[in-house]
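Handing you a structure now.
Lettered A, B, C and D in written order, each chain numbered from 1.
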């Protein structure tokens, strides 16, 4: 079936109509629909996005997370980021799911998209977000005894700490580790 | 008959076999991390019952380099050279979404010549990549010759790319705003020569592999990936198109100047190894068509847009995707206004594609496993990042 | 020329020595031919340095290299069986050469049951392969050994039956008699039957050698040379390289003898008789070898079940029909 | 053309391909391999023969020590932190009597650790004083990893192997073009450079003479203050700064000169353009310019004939001048770019479509090619992108000797009309014929 592109505003309308108040702050960002939703609604939202004939976001693009604790001056929390795509309507939906940084838990999407399994495992080890209901939430990349969650902003990259920056012009800069 | 303790009498065993009571044990076969068919460090935990594969679980992570963390420490030009190493068969295409993301956030106009050259290089890279998989798929099925032929064809294109970028594998040529520099004299002739050679000799190779009855026996009906499964796993690229999904970012959301070229999206409906391979081979021809058209319409002018001395993307978020050789390569860039990205989520095609592997491999033969692995065209660096 | 009187034992000793040198040399030459022919079919040059001229000494250097390598026996392996297996694979290959006539008088022993001996000895290697695979204590080796045994048994039959067709035509089991009876090479005459029998034999021979497209038991991209995964050094080349090459040379010899008229000229025309039989044999032999070498880089490999199906459902019925047809030909033509 | 005779996503063809050929496919495959047995070989026997690598090859980094001012840019920009620089300050006596004593940096150590280097070339790219170059050499493996750290003496030795940069492809934007003022500044700067370069051609590196690419390239650090520089460096230092055109000036100047940068408008990003307004400014200058150039590109000529009387003398004339020092960077001496379109101004898209279709048909292209090209022409006409006879500036032939034959324009026109022998570019591939079967 040839894909027919839907205008961004039209897409936004459709998403709003289908999701109602489960989608918080829907907006258009670079031609893609951005919505936020609470963790408890995530599975429902994803299912609606997948099954609604006007949206049919059947293509699971990715699931990840963003640690916004150092974003801007005051910093924000931790969020799970899901991107779904509709090949039929050429429509992108970014779902931002804010989770509690102290005890991050998010329901699993594996029941909606099979492909979510690996993405959730990766997100868990990288951000420490637990996906409740995931059948096999083991490490994907890191060794089992790895400590810490590398993609959190609090995790500093050791390789840049142990070596002195050779680009420093004076000792002060070198001590600061360069950048 | 005296039998050692613990050892059953032969007649007993015979009776068990005839009555169907014989309990056989499944064997766990560890394919990889070092195995010729996995072309990379990739492990497949296969449970086999004789020649039958009962279950298979792909295990990855042996090459994880933590790109998403590394890029947070580097500025955009350094990242260009870093992401180039992600998928080492379609390097220059890896650089594209990053450049496009930064350009979009910064609202940089890319000069048309740069856009055309980007298209050309991406398509040349696609040809290189597909020839490589043409070679390796043959080798995995036991036909060693396609490897050598494909590498010979790659050479001219490879040399053209090297003349332009200075690198044989890691090109590092795209910059936010355009290209590093213009291509040297002779690039067009060399690249066109290479592309035409490929096209001229492709029928030979089809005779060698695609038309071969043994090859057909090995691939037709083997490793069927259904359309809905492909969607659910987010499978894209030649593999999705081999399952009858008409999905190509170049057509759906044309970036660069792809909307100016006449090309087709090759699809095949059956979703088996043969169809995936068929799509791969025919994409080479489509890429060649694009290259020829792009060279013909190549405008003159600068190759770098107006970019400030310090590239600092303004605060914002954007998801940019492009059609990599193996599928949709997307980058979700979050910038907090620094020289470095705040977060760069890299969605690589091979990662999603390979996650579907466990599903496809169930209930096949051990020999089919190799064919399926070969037809899933993945690059380990792309999976592990 | 003074008569040199030799006892029968002395003659036998000389013959055996000749065989013992010919086989490794033939295997080395076969290996070199494989390197070069395959390279050129694949648009490469192949080895160019060892020995100076076009790398003629490559296989020799390879062999020496293997000699120097450490002989490793895995801890879990069944040591005795593991060490014996290469011999069990290689010795039968040597024994095949006893009955291949290179010229009318150049044969070690013209046995009355030549063909049977040929085929019986040829299949002993199967046991060696099974021994190697089982004793290695390696899953890949085990899979390979089982595949190998199944395959060698399956393809033994077509070879035997196609050889039987030739024996029926010649009315004898002696290889010399068979060659002498062929006025035209058997592959040309009787029409149809001979050619199909030749193709069946060649297919079976390729499978017996476990070469592409029938190399599932040793598929390197799949089960990593199967039964020989754990072998190193000298044992590896004896069990795998020399056995494969030795088999190839032997089967080429058998093929020439049975189907291509052996040491006789390609067509029965008296001026051609001037050329010595050895030359004719060599030419036909080279042709056979080239055919084997040519098949290898061209085809992908057949899957295990397809391989079995092909043997039992196609090759064996075809060869049975051939036997019937040959019987009819002998009776009525 | 082979490309288009194959109608591809044709389901019938796939179903044909999936049918069994009853062994015919096996024979065809055997024919393919047999055919290769008799072909000439293209293998290069590496240690004996070597491939001719292009000048841009990133093999090893060479250091021109006397050009280094210890600005640390390379070390700071290096993603791998593999460049180590040590220096000390030295006080020079004042130039004139009574002047202030000057300070300059003296390089003590410059080392690149090739066991860490990722060969990205950023250091070479950012070096503002042209002290770093890429060389094609790549055979410097060592038994000890510590030996892979090349100190400045070793890096300086590589300078003898540095090749001049290649000429750019037809239609490339010439370095130093944006402003006429920049050109003269550049010449001055180039002239002031130390004369003891290993290769004289190195001197004419586009990056050096160029001011325009500097603008495009980005450095994260501001250039260091000019005051701390030795005299000749100071002079050079000023050139990029001075030549920096004000935003917007760039296009204006180009338009006035009839340069390609002005005639072709950047297109809005198609994928991502939704969030921003497409700026399309049409330059009034380009129409006139293109019109005047039409004389040098007759309509419908096959490309190989196009560099006609008008174009050729222009090239020859341009060479000595450029030899003298890249002075002729203005708009003169346009090399006619082979073109199949008339140099009409704003052509009607549909007319363009039909015309190209006709042309292609008369030339014997296959229908698909013809259609594709016609579509391209239509789109271009719609966008007002006159691709006709764009006056590609005479590519400054950097190292061409005076006796060199005039550079042929790159055949970038219709592929089938292209001359049989591709222009011998700097790449000089090893052709099949060169190699005999060993």
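The rule is short, and it goes like this: contacts are C-beta pairs under 8 Å (C-beta built on N, C-alpha and C of every residue); 3 or more make two chains touch, one makes a residue touch a chain.
Keep in mind the model is a prediction, meaning the values are calculated, not measured.
Undergrad: Going by the average position of its CA atoms, which chain sits the greatest distance from subunit B?
TA: C
Undergrad: Hey, which chain is the most central one here, using CA centres?
TA: It is chain B that sits nearest the middle.
Undergrad: Give me the two chains with the most inter-chain contact pairs.
TA: B-D
Undergrad: Measuring from the mean C-alpha position of subunit A to the mean C-alpha position of subunit B, what distance in angstrom results?
TA: From the centre of subunit A to the centre of subunit B is 24 Å.
Undergrad: Report the inter-centroid distance (CA atoms only) between subunit B and subunit C in whole Å.
TA: 42
Undergrad: So what's the Cα centroid distance for subunit B and subunit D, whole Å?
TA: About 28 Å, centre to centre.
Undergrad: Need the CA-centroid distance for the pair subunit A / subunit C, whole Å please.
TA: Taking the average C-alpha coordinate of subunit A and of subunit C, the gap between them is 62 Å.
Undergrad: For subunit C, give me the residues that contact two or more of the other chains.
TA: 41-44, 297-299
Undergrad: Scan subunit B for residues touching two or more other chains and write them down.
TA: Within subunit B, the residues that touch at least two other chains are 104, 145, 149, 152, 208-209, 212, 214-215, 253, 318.
Undergrad: Multi-chain contacts only, two chains or more: what residues does subunit D have there?
TA: Where subunit D meets two or more other chains at a single residue, that happens at 26, 29, 32-33, 36, 42, 77, 271-272, 275.
Undergrad: So with touch defined the way it is at the top, what topology do the chains form here? Options are line, ring, star, complete, other.
TA: other
Undergrad: Would you tell me which residues of subunit D are touching subunit C in their complex?
TA: 26, 29-30, 32-34, 36-37, 39, 41-43, 45, 437-438
Undergrad: Show which residues of subunit B lie in contact with subunit D when the two form their complex.
TA: Within the complex, subunit B contacts subunit D at residues 74-75, 77-78, 81-82, 85, 100, 103-104, 107, 109-113, 115, 145, 149, 152, 155-156, 159-160, 162-167, 170, 172, 175, 177-178, 180-190, 192-193, 196, 199-200, 204-205, 207-216, 220, 253-262, 264-270, 274-275, 278, 282, 285-286, 288-289, 292-293, 295-311, 318, 320, 339.
Undergrad: Using the touch definition up top, name the residues of subunit A that touch subunit B in the complex.
TA: Residues of subunit A touching subunit B: 1-3, 5, 29-30, 32, 34, 58-62, 64, 66-67, 70-72, 81, 83, 87, 90, 92, 94, 113-115, 117-118, 126, 139-142, 150-151, 155, 157, 160, 179.
Undergrad: Quick one: in the complex, what on subunit B touches subunit A?
TA: Per the stated touch rule, the residues are 60-61, 64, 66, 68-70, 73, 104, 228-229, 231-236, 245-247, 251-253, 315, 317-319, 321, 328, 330, 332, 334, 336, 342-343, 345, 347, 351-352, 355-356, 359, 384.
Undergrad: What residues on subunit D touch subunit A, complex-wise?
TA: Residues 72, 75-78, 81-85, 271-272, 274-275 of subunit D touch subunit A in their complex.
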